[in-house]
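Chains here go by letter, A, B, C and D, matching the order in which they are written, and residues are numbered from 1 within each.
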Amino acid sequence: MSLERSRWYETMVRIRLFEERAMALFMSGAIQGTTHLCDGQEAVSVGVVAALRDDDVLTNTYRGHGEAIARGMPFEVAFAELMGRSTGCCGGLGGSMHLADFERGNIGANAIVGAGLPIAVGAALAFQLRGERRVAAAFFGDGATNIGTFHEALNMAAVWHAPVVFVAVNNLYGEYSRVRDTTPIDDLAARSSAYALPGVVVDGQDVDAVHAAAKEAVERARAGRGPTLLEAKTYRYRGHSRSDPGRYRPADELEAWRRRDPIEILGGRLTAGEGATPDDLANIRARVAAEIDAATSTAEQAPYPTLADAARLVYA
Amino acid sequence: MTYREAIGAALFDEMAADTSVVLLGEDVATDGGVFKTNAGLVEAFGAGRVRNTPISENGFVGVALGMAVMGLRPVVEIMFSDFLPTAGDQIVNQLAKYRFMTGGQARVPVTIRSIGGATGRFGTQHSATGEGWFLGLPGLRLATAGSAAAAYAVLRAAIREDNPVIAFEHKGLLARRGLVERGAVAEVGRAAVARAGADLTIVATLMMVERSIEAATVLAGEGIDAEVIDLRWLNPLDWPTVLDSIGRTRRLLVVEEEPHAGGWGSLVISRAAREGLRLARPPRVISLPDDIPVPYSPPLEDAILPTAASIAAAARELVDR
Amino acid sequence: MSLERSRWYETMVRIRLFEERAMALFMSGAIQGTTHLCDGQEAVSVGVVAALRDDDVLTNTYRGHGEAIARGMPFEVAFAELMGRSTGCCGGLGGSMHLADFERGNIGANAIVGAGLPIAVGAALAFQLRGERRVAAAFFGDGATNIGTFHEALNMAAVWHAPVVFVAVNNLYGEYSRVRDTTPIDDLAARSSAYALPGVVVDGQDVDAVHAAAKEAVERARAGRGPTLLEAKTYRYRGHSRSDPGRYRPADELEAWRRRDPIEILGGRLTAGEGATPDDLANIRARVAAEIDAATSTAEQAPYPTLADAARLVYA
Amino acid sequence: MTYREAIGAALFDEMAADTSVVLLGEDVATDGGVFKTNAGLVEAFGAGRVRNTPISENGFVGVALGMAVMGLRPVVEIMFSDFLPTAGDQIVNQLAKYRFMTGGQARVPVTIRSIGGATGRFGTQHSATGEGWFLGLPGLRLATAGSAAAAYAVLRAAIREDNPVIAFEHKGLLARRGLVERGAVAEVGRAAVARAGADLTIVATLMMVERSIEAATVLAGEGIDAEVIDLRWLNPLDWPTVLDSIGRTRRLLVVEEEPHAGGWGSLVISRAAREGLRLARPPRVISLPDDIPVPYSPPLEDAILPTAASIAAAARELVDR
């Protein structure tokens, strides 16, 4: 079994179990506020992140736990942030929607739709100007392709050949709205032609496919050949946010997507002729579950930040 | 009824009364809208008049303007007040100025419903009231709903107003119950005395109204009789009501859920100072800190907000107890 | 000679002479502030407006004298507005950048790039909702295709099949910048594909071509078949605004475009076999010139508005 | 040198001193920029560091933020302050909050140069100073340039500042000459006493500084000795300098080129009132009308602006003459 791909498998499991625990903690009141979970979409986070180098950066969204974990944020740091503790990645000031982690190149999880795109372009231009061969990726949803900053960011990136990869995570809905109710086309990747950029559609349930497409886009960017718009078709297993039961979804839709679960798909490949056994996979899951338990209680024991701490952070 | 239901009732009643009223916004027509304020509207009035939009705030505020100058009376929902700046140009340069710069040719009866405010643990980008951001824009009315009654009557007034209005609501109040007089339409620019009192004047909006009333109740037990004014309108601002109250109490406390810089509170205090009102004590402010954004961390979010306790403490100092 | 096309000819002459007089008045100080002239682009204003019905509406820009005049705004009203007089179309409150004329369906000349597009979409939706078979047109520049509202407006119009025609007046420059320095494609009309809309490129110097293309787009909209993005390739004979000498233009570019002057092109057709004589055309010009002289002095004699007048107009 | 040249000199000196300083904006690299403030910069520093952008204000402010968190120090030109709301989200929700909501991980040294103000006959959508629009945003510094010296030294300070700054300039001042100390870097948050005086305190920004000085000159002829403070920074606001002056003069006149509602003037007056300063007279304000947008018509544009005459008249009333 390829070491790299078994790591992807583990990372997807990490994201899945993190999201499940996060939901439980929200429902129990241990975490307050709202959260936007990404279970179902793990292959997109993992496949794209696997195509990045450690010194590459990304911006993402309020639905950003996947990229945080894929980039290696320790569970206890992530949980602490969700719980508003001082040991969280943002000292508890950000919360679930803002899992930024500069040390690992996650330079901003944004709660304003579309806002992260130009920020990624700016990061990419900084690399370009300094002659560094680094790449920036911007993760955003299908709904974000309708806001002005999407257009402005892709246009500027194209004009300046910025080393950036735009990752449209098309999970079929923006809040309660199906893509086709707010967007007149089926493939969002087709919007790339408005900027003379390559647009690529990929199966977002297949981490191998996501990785291959992302790798090509990242290499293209790194080689100075400009941006790519990569659209991953995927599905969120939950409602938009904690409080949304997702009643607007047709019956069976969720079940149909679950039959193409990204973890199952990769697990199937690993066990079908790549040398892994079902036990190997079960062990991974068990190890991760234990880590989640430990991390939850570590996080829960961490102190809250003080107002004085917070006040000191407003200005550099 | 609840504040949430009051909003829905105002929308329903205005849509029923006037076929030119239409509703626009993200998911306003699905499942009652994100805050369930719109339950039943699309069923009653159809998808033409209750329209889900793409995520395009600046764009759909502009669409509302275009509809308005062609005779419709659109109500736009901006889901979180924090997103108002996303529509910054259409609010500041278009809605507010359109009538004036066309020499009065245009009539722009657009209402933006904007749901804001803290307490929800929504964090830095989803907690602003935004109420002070669009002061100083001649042509643009600003309203707030500090109670279920206001959520109904002020919103109806906003929709009927022939000028653009941003109607601010507070998401922390959505579940609050209150007496709502169905059919009532508030007077544009008229504040409400939420609690009459003789010893000091507290001026507040949105959630700070209920916190001020709470404080007043505590203070009453101590023999301090606070008047609480729910300002309701920031433009036009009901100076006569404020003035009358301060004239009687000679003590002024402003309570705002925004930093004092750039907000309506500084305008109220400036006005009192410029008019040379003789106050027994310098006016006081309880507001969000001028130098800390709203944090996610629950204890910190609580700590930066004015509370009944902090309001009462300031009130005591004003009356020397 | 077709009556309609001779009227187009006359209207183009009216715009040309208006712009020339406006420039002279600015240079002499009789008009203060700034102005953005459209001479060279007359065929776009006239060709599109000719495809509209009287009860159709349009939004346009600070470079909006052409559409104002094409829609029939009397010269003295337009000059009075430029001079800030109370007899101007906006009572002198708007000025050169804001020649709105609601009576004639010009519902807003906007000085914010891109802002007029969603406004036109809103107007179109009002028509659609009421079942009126009216159409809205939005005029904007090449540079405006890079701002977020362009994207948002086209997307919404497409989703809702709004009866609107988007008229991209591609005059090769946005202020000092050539299109290709800020936009990665040559034909702006190609951006229509991002919204599954038809995109049409037309020779903006040829009023017949503009009119034919606009007619098709307007009829399409009126028939309920949705929006069109129409791009007219044209050229402004002057710098961006009064103070801009246009030094960034390559030598000869202006001359090359002048050789395809829209008035000359139509004039040539009218005199080559359509029955008009050079004298007919000269007479038109002379008549218009006289009208301009008269209108200028009428406008100059009009009073300024008072502050009290202005104050009364802020609120309805 | 002129105010315009002072801006260019500040940009040049900062770009020469620090290779991480880059310039972004519409046509900033062509023909010296639209306001000719950037003459020679692209020639000296190249098209990589002096970059023309598409017309995408919200987008390129976001680009600047991304550059800044990756170690550059971008200066963004917003051609007219009226376009700031077009970039509303990136200013309000991103620039101001980015450091805070990442728990201090980010450093955001972005400077937005914003050229605004009336007198140019640019009409309703091209005449705002915008200086009050972004008050009440913790995390965001606000600077203004009321003279050529400030245009140079304040801009240099803004660029060096490790936090986001909007540096407001006034297009009506571009051609003004003044003494500029090349190499000087202003102190962040420090006001300048533009004219010392003993009888009353005039606080002003941007073009209102020179109009206030003009008024003070007239008043001097009448034996009234006005102190004129060029506030320079709105966040942080130099209260000690204002306080010191009012403490001596006991008379306060605020002169602002914005409506008083939502502006910095109401904050200054509120502060004076809250601190219970004993003034000889109630404070006064000369500002744009709260209820009329800037009109194009030249006599009306002149009429709504504070003038040396209207300032002097208010000053006379303050000192009882």
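Operating definition for what follows: contacts are C-beta pairs under 8 Å (C-beta built on N, C-alpha and C of every residue); 3 or more make two chains touch, one makes a residue touch a chain.
The shown structure was predicted, so the numbers you read here are calculated from the model rather than taken from an experiment.
Novice: Show me the overlap between the contact partners of subunit B and those of subunit C.
Specialist: Shared contacts of subunit B and subunit C: A, D.
Novice: Give the chain pair, either A-D or C-D, that is connected by more C-beta contacts.
Specialist: The comparison resolves to A-D.
Novice: Could you tell me the distance, in whole angstrom, between the mean C-alpha positions of subunit C and subunit D?
Specialist: Each chain reduced to its C-alpha mean, subunit C and subunit D end up 36 Å apart.
Novice: Averaging only over C-alpha atoms, locate the centres of subunit A and subunit D and give their separation in whole Å.
Specialist: Here subunit A and subunit D have centroids separated by 40 Å.
Novice: Quick check: how many Å separate the C-alpha centres of subunit B and subunit D?
Specialist: Going by mean C-alpha positions, subunit B sits 29 Å from subunit D.
Novice: Mind checking the centre-to-centre distance between subunit A and subunit C? Centres are C-alpha means, answer in whole Å.
Specialist: Spacing between the chain centres: roughly 46 Å.
Novice: Two or more other chains touching the same residue: where does that happen in subunit B?
Specialist: Only 53-54, 56, 58-59, 82-83, 86, 89, 93, 100-101, 123-125, 138-139, 289, 291-293, 295-296 qualify.
Novice: Touching two or more other chains, which residues of subunit A qualify?
Specialist: Residues 91-94, 98, 110, 112, 146-149, 152, 155, 159, 181-183, 310, 314.
Novice: So how do the chains connect up here, line, ring, star, complete, or something else (other)?
Specialist: Shape = complete; every chain linked to every other.
Novice: Sort out for me which residues of subunit D touch subunit A in the complex.
Specialist: 22, 48-49, 51, 53-54, 56, 58-72, 74, 89-90, 93-94, 98-109, 138-139, 162-163
Novice: Could you list, by residue number, the parts of subunit A that touch subunit D in their complex?
Specialist: Contact set of subunit A toward subunit D: 57, 59, 88-94, 98, 100-103, 107-108, 110, 112, 115, 117-127, 129-130, 136, 148-149, 152-153, 155-156, 159-160, 310, 312-316.
Novice: Quick check on the complex: what are the subunit D residues that touch subunit C?
Specialist: 26-27, 30-31, 34, 52-59, 82-83, 86, 120-126, 289, 291-293, 295-300, 303-304
Novice: Any idea which subunit B residues touch subunit D in the complex?
Specialist: 58, 82-89, 91-93, 96-97, 100-101, 123-125, 132-139, 235, 237, 258-267, 269-270, 272-276, 281-285, 289-293, 295-296
Novice: Can you list the subunit C residues touching subunit D in their complex?
Specialist: Going by the criterion above, the answer is residues 32-34, 84-85, 91-95, 97-98, 110-114, 143-144, 146-148, 174-177, 181-183, 247-248, 304-307, 310-311, 314.
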